[in-house]
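What follows is a short report on a single structure.
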Amino acid sequence: MNDANIYAKQGFGNKSGFGVRPALLLIDFVNGFNDPKLFGGGNIPQAIAQTQPLLACARRIGAPVCFTRVVYAQDGADNGVFCLKAPKLAILTPDAHASQIVDELTPVAGEYVLNKTQPSAFFGTNLVNWLISKGVDTVIATGATTSGCVRASVVDSMSYNFRTIVVSDCVGDRALGPHEANLFDMQQKYADLMTCAETISQLERLKTNT
Amino acid sequence: MNDANIYAKQGFGNKSGFGVRPALLLIDFVNGFNDPKLFGGGNIPQAIAQTQPLLACARRIGAPVCFTRVVYAQDGADNGVFCLKAPKLAILTPDAHASQIVDELTPVAGEYVLNKTQPSAFFGTNLVNWLISKGVDTVIATGATTSGCVRASVVDSMSYNFRTIVVSDCVGDRALGPHEANLFDMQQKYADLMTCAETISQLERLKTNT
Amino acid sequence: MNDANIYAKQGFGNKSGFGVRPALLLIDFVNGFNDPKLFGGGNIPQAIAQTQPLLACARRIGAPVCFTRVVYAQDGADNGVFCLKAPKLAILTPDAHASQIVDELTPVAGEYVLNKTQPSAFFGTNLVNWLISKGVDTVIATGATTSGCVRASVVDSMSYNFRTIVVSDCVGDRALGPHEANLFDMQQKYADLMTCAETISQLERLKTNT
Amino acid sequence: MNDANIYAKQGFGNKSGFGVRPALLLIDFVNGFNDPKLFGGGNIPQAIAQTQPLLACARRIGAPVCFTRVVYAQDGADNGVFCLKAPKLAILTPDAHASQIVDELTPVAGEYVLNKTQPSAFFGTNLVNWLISKGVDTVIATGATTSGCVRASVVDSMSYNFRTIVVSDCVGDRALGPHEANLFDMQQKYADLMTCAETISQLERLKTNT
């Protein structure tokens, strides 16, 4: 019996579905996670390219949009255990080029850009209260890396009881083994996987019904 | 370049180390996660057996011990998105046999047994404040499943800045692919992997130094 | 210039208003907080009496209902700093009479009854994810005590961006000075005060509009 | 029976005490909370003056120091219910003069300066994980306002099981009634009150014992 069969037999892998008030979350699409010399590589450039039409769609239908960045204090005052496991993270200071959102996905006024120091976009941030203030019931997750900050954010999003969508071609990772392994875990237990095209089509349908 | 090389080149996989005040965390070692007909199987029975000497050691040196269980209300009042992805979880009611800690690892008086509804042992629980009240700086994680509640708890433990140890032979999963993939992710980014024997030896050394 | 004038001049005391999807929160209406020999007294009995028609109204219109209790482990494993400040709290064990919801406000199947160990109903509990799962935008707070668990819960409710209503005659306290002082603080900064009659009228109006 | 007697009879008002690893927390000592035309006034200037020797002492003995500021996005993207209750808060943007720490208490390199949007210094911030990373067991609270952000932060500090000290002459409020009422509540239930002189003396004693 292969892994997928074991999960199927135990009743995992059902759909949690799409609600009626989605928000788009773009996790750590910053220069440093796009640069293979820093924390990037793999299929992250493709994920960035693919997220452009999805972001345009979210803006068109008026869905709330949130970008996250990893940012540590210039003087290292808030460096913790994560910076012991991966010391280079400490270069992600507020004004560093590596910490800025990639040009392809520049935020516009009114979109929420939040700084975080831990993998999950929810940890030590105001993301959950921002989502509540917007009446959101569904979180659409894109970003980098699939096996890192996307996975951690998706587990928290589901734990907060947001229906959670992982856009399979809008998330990327520096290495493809962990990318695939984490898509499997998330689909089985925490989120529904949808392609970018399927997600756009679902968002357009919602708009029409409103 | 293989996955491990990519991570090494980007500066991941360093050790965060062991502090001086560890606590032992036993995640979801309940009957339902040991029963292959429910949510168990794979190498979970071996993890339970292996955790027995580690628990005995923690008790011997007086380290704080915390057990977690997944528990939902009898009437389903707190079922959420997790129960949409895996509907059978809703059988884990307070008095169900499936929700009780396995006999091999029965808690004793003064040990903390907490109920949770989400993957992470920290989400919606008093685990972080309990650890603070005990002055803990290091969390030793054991339990089931490696790719589920252990992974989610370890990410949060690291995010709270506890030095975090995953005891590689005291965690288990229903399927071995996700078990291995998640050990890789955790070791690279969130925690140090140690065997049960190494962990016991480290704990005994701490005791001697006190 | 009196206190209210100072707040008015600085722009406090505006209304945050009522949304369209309210939940009713009954905080610590348990025997121990109704018994003047334990933690009760003052105007708590009147608040309990007054909350009965409000609870009936919430049930009639199908608003989600959540009760909280303070509960500590029988063996004291989770006693912390709060139990240093007020050691008698440790008697509030799961089966103690003092920890049970008062007879006048007995929960029915499907209503959420949560245990907590700290003042806020949100701290270390699944309240925020339960509210999200119900699509709630407005929290209606009742309970005991005004200056303790009600105040702490209301600050968190507002911080999570729920529009928050304190039902002024459905909250009570062991002593009237702190009751009044905390109503003032909450009305100025965190919540709107409404009487029970006004709240029922608002809920009935919502129902009609649905 | 007066209020204090009622609390005494029910077993409140005990001391939670001082641990061995304190941190100093300076809450919202920013220009806007010192300016009576914005959110200041009352005894806040005295609290700022009184906090100077305490900050000097914390630096001398090497205790971790954290400053908080209230900061909202320039474009209002993260304004929520708090800004409905008190709309002027939205002027506290990152570069506004009103949002900067007062000159008398300027942070030095390595001290942690955190931004928050809600009353509690813990809500949506990395304060708890920063405190854990420093091994802190005791939080010494100073700042403004006593009835607002100090009170909310103290309740959370206690809930996280930090022994919590409110330095009675280093906290201030725009109006004295709420200042006094909240000192009473905190002393009865959440924290020990100490004067600045007592706190400095306790910190010096700790240093000597180390």
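Details
Chains here go by letter, A, B, C and D, matching the order in which they are written, and residues are numbered from 1 within each.
In this text, a contact is a pair of C-beta atoms (placed from the backbone, for glycine too) under 8 Å apart; a residue touches a chain by one contact, two chains touch by 3 or more.
Just so we're clear, the structure is a prediction, and the values are computed from it rather than from any experiment.
Common neighbours of chain B and chain C under the contact rule above are A, D. Between chain B and chain D, two chains of identical sequence, the interface residue sets overlap for the most part, with shared numbers making up over half of the total.
Centroid to centroid, with C-alpha atoms defining each point, chain A and chain B lie 25 Å apart.
The distance from the centre of chain A to the centre of chain D, each centre being the mean of the chain's C-alpha atoms, comes to 34 Å.
Among the residues of chain C, those touching two or more other chains are numbered 80-81, 118, 123-124, 129-130, 133, 159, 161-162. Residues of chain A that touch chain D in their complex: 73, 75-78, 80-81, 109-114, 117-118, 123-126, 129-130, 133.
Across the interface of their complex, chain D is touched by residues 3, 6-7, 10-17, 38-39, 41-42, 80-82, 84-88, 118-120, 123-124, 147-148, 151-152, 155-156, 158-159, 161-164, 174-178, 181-182, 184-185, 188-191 of chain C. Across the complex, chain D is touched by residues 128-130, 132-133, 135, 137, 159-162 of chain B.
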